[in-house]
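Take this structure first; my questions come after.
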Amino acid sequence: MTQGRTHVSQDEDQRETRIVDVPHGREPIPDAPAETVFRLDDVHVYYGKFLALRGVNLDIGKNEITAFIGPSGCGKSTLIRCLNRMNDLIPGAKVEGKIDYHGQDLYGDAVDPVEVRRRIGMVFQKPNPFPKPIYDNIAFGPKVIGMQPKSMDELVEQSLRGAALWDEVKDKLKQNALSLSGGQQQRLCIARAIAVSPDVILMDEPCSALDPVSTGRIEDLMEELKRDYTIVIVTHNMQQAARVSDRTAFFTAEAAEGSGDRTGLLVEYDRTDSIFTSPVDKRTEDYVTGRFG
Amino acid sequence: MSIAKRSSRTGERVVVGALFACAVLSIAVTVGIVAVLVVDAVAFFRESSLFDFLTGTVWAPGQGSGEGGLYGVLPLINGTLMIGVGAIVVGLPLGVLTAIYLSEYASARIRGLLKPTLEILAGIPTVIVGYFALQFVTPSLLRPIFGEDQVFVFNAAAGSIAVGLMILPIIASISEDAMRSVPASLREAAFGLGSTKRQVSLRVVVPAALSGIAASVILAFSRAVGETMAVTIAAGNSPKMTLNYFTSIQTLTASIAQTVSGEASAGTVRYNALFALGLTLFAITLVMNLISARIVRRFRQVYS
Amino acid sequence: MTASASAEALAPSRLRRGATRSGARIFVDAAFSVLLFVGTIVGVVALATLLWTIVDDGWARLMADPAAFLSNYVSRLPARAGIKAALIGSAYLMVLTTLFCFPVGVGAAIYLEEFAPRNRVTNFVETNISNLAGVPSVVYGLLGLGIFARFLRMGPSLLAGALTLAVMSLPVIIVAAREAIRAVPESIRLGAYALGATKWQTVRRQVLPAALPGTLTGTILALSRAIGETAPLLVIGLPIVIFSLPNDLRDPVSALPLLIFDWTSRPQPAFAEAAAAASIVLLALLLAMNAVAIYLRNRYTIRW
């Protein structure tokens, strides 16, 4: 049983979040998500004529960490990029089926991808801070989306604290972000993402370019972040998925009959402990026990 | 949590429209060039026959408005080609040798010194190169070697040397790029068979980079054809049909420069002749640039 | 190490020099190396000789009374002639040219790199721009004469001169700006989009600032080329003999390379000295501009 979680205020119109330090433990999670953020219904993704991903059905739960795992080339990154419409930027990319975000069709005609990305943030595999001072990196997002906070300095501090980076950089906010180490840069990118008060944070292999110590710190961070945000993470590292995530989706890639191209598909999606201790599908079992992939 | 489309972002659309206008302005420039050349050249050809223009061997606009002058372009083409070929004779061997040296032989330190030197050479204003040709190349180089009475004060050889020096960096730099893009595996194969550096350079690298070298030569020739000031200063202003490099000649470009220097009032034959010359020049250089670009595109495909 | 050097280090010819290379071969190899070196050195020596000629001819004249040389107008007497009108004229031209072609050039580059769809129109615009880069400067002069000076009735003025030089420099700036923009990694743009920034917000606040050093460097280099150009200004008809500085965009203006051309073309040796002295000033100006460009590039270019 966990200690009491402090209520976290997330005021809709003021967009203020407060992250409070409270000791926590692993809460047991229900079989199905209590509140759904994303509902994917028979989603197929094409790059031109090539079918990259087929028939994905899953629900992503609010304030949970959902991991996408599987061997390379099975469409995990493709899928996560569809969730914030970053895939739109790839010429020839097309999504079929339905992706619902809080009940609204993410790909509806009246939907603005820019608005989507304000609410669904992303952290990339290789840290990509802007070649500007640390302060400006954080302030960029709020400025361009028209946030107009009462105090930008406070917002920057809050965001850096939320990414567990404040103590390390508080005296050098004017320094160029590129002078930070890899792990610090990635935490800066996380801080940058949370500065715009998103609803969801997508992470595409956020630790694969980092050393184990930095990786550990970011994994601890994720545990805190999920209190205020919904997190979806793509990872190549099974153990990482087992450590941090609440739910895990296992993907694999299979070639269609006759053709050499391999198409990704969702094999199994369940609570993380179930996936790793008692997987239903044999392919899942082979993967998590290390027999392949 | 609405993710509906916000304001139509008109501000952004206006900005992108302005940027588009900037890009399209370049088309306006081309249209302007072609229009101005064609319109006035056509006016010229109404007064003076196109056939005489293309086949006449005397270019003598005469005085005043230029009516009754002779407008055969062949001596000017002759002069232009002499300079073009002469410049290539100077620039091609030097440029290719420099390119081979930079690509296959030189150490990083020497490259670091040589490449900026070439860029400096390319950046010298053409009037100054012309001065150099007139004040040094002719009196201190050509005349001592070939004799005072053989070599005129203004001569095509000095002009060729001047322009040759100007196009050397073009040939050297593009050829060097072409040679550097030859895959290392080709060289390694030859070395592995016991070839020396000379053999690898001449038998493997240069042939493989040939299309790049050819493109650079065509581009350099085009540049030589379009060069005005150095030839006007050094090679003189006497249009004639000749193959003697030690006498003065006149190129297409020098003729344009000369005509404007002597008050040509708008609308006269003399004035319109300028544009006929300009049109000829434009056509020649455009064709050569297109050919060169084609070759460059094809050689890039081969190795990318 | 060059590609050849690393491959050659492993070649057997290194190991058994005598066995695989006959005496004749060794001689040829050595002779070739010498030839390469000579070929390369000729270009360097030519540049050195050119600079030496200019300095040798003009230094005394310049140093005799530098203040007078810089502040006198032209004169029939070479001893009293000065470059004031020409130097100031070139400065005005440079500033005005930049004002015209920098915004348009950078705007076009932004559009082509960030906003233009991949279609036939875009390809046409791009091909057009590369063709414009190869048009001889004298043809740009004809454009200036026909359209700016005559058709738009600007006459041989500061405005016409600057517009002509701007149009001529446009393709070069577009190419330089595009390269600088392209050098900004895609990950930066993706990071901005992922935060909910629009395309223009991303370009304006992240891409452009990062591309600015490279763009500025390219612009300064393009302008330094424009400042040394004589032909376009000659064709428009900018004066050489002028005793006042321009007060208005429509006033006539002179330029340094024009003056150098005029003095070089005169027979009196004293004018040749004056031409050389003026050339020193021009080269010094170019050197300063290039030094600024290189400083900017080294200090402010982001190493990703």
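Quick notes on this structure:
The first chain written gets the first letter, and so on, giving A, B and C; residue counts start at 1 in each chain.
As a working rule, a contact is a pair of C-beta atoms (placed from the backbone, for glycine too) under 8 Å apart; a residue touches a chain by one contact, two chains touch by 3 or more.
The model shown is predicted, which means the values in this text are computed figures rather than measured ones.
Among the chains, the centre nearest to the mean of all shown protein C-alpha atoms is found for C. Of all chain pairs, the one linked by the most C-beta contacts is B-C.
Per-chain CA centroids place chain A at a distance of 49 Å from chain C.
If you average the CA atoms of chain B and of chain C, the two centres end up 15 Å from each other. Work out the mean CA point of chain A and of chain B, and you get 56 Å between them.
In chain A, 114-115, 119 are the positions where the chain touches two or more neighbouring chains simultaneously.
Contacts with at least two other chains are made by residues 198 of chain C. Within chain B, no positions touching two or more other chains are listed. Listing the residues of chain C that touch chain B in their complex gives 1-4, 6-8, 10-13, 20-21, 25, 28-29, 32-33, 35-40, 42-44, 46-47, 49-50, 53-54, 57, 103-105, 107-108, 110-112, 115-116, 124-125, 128-132, 134-143, 145-147, 150-151, 167, 170-171, 174, 198-200, 224-225, 227-231, 234-235, 237, 257, 260-261, 264-265, 272, 275-276, 279, 282-283, 286, 290. Across the complex, chain A is touched by residues 118, 185, 187-188, 190-198, 201, 205-206, 209-210, 302, 304 of chain C. The part of chain A that touches chain C in the complex is made up of residues 84, 86, 89, 91, 114-115, 117-119, 121-122, 124, 126, 128-132, 140-141, 144-145, 178, 189, 192-193, 196. Those residues of chain B whose C-beta lies close enough to touch chain C in the complex are 9, 12, 15-16, 18-27, 29-30, 32-33, 36-37, 39-40, 93-94, 96-98, 100-108, 114, 117-118, 120-121, 123-132, 134-136, 165, 168-169, 172, 180, 184, 187-188, 191-192, 194-198, 200-202, 205, 219, 222-223, 225-229, 232-233, 253, 256-257, 260-261, 266, 274-275, 278, 281-282, 285-286, 289-290, 293.
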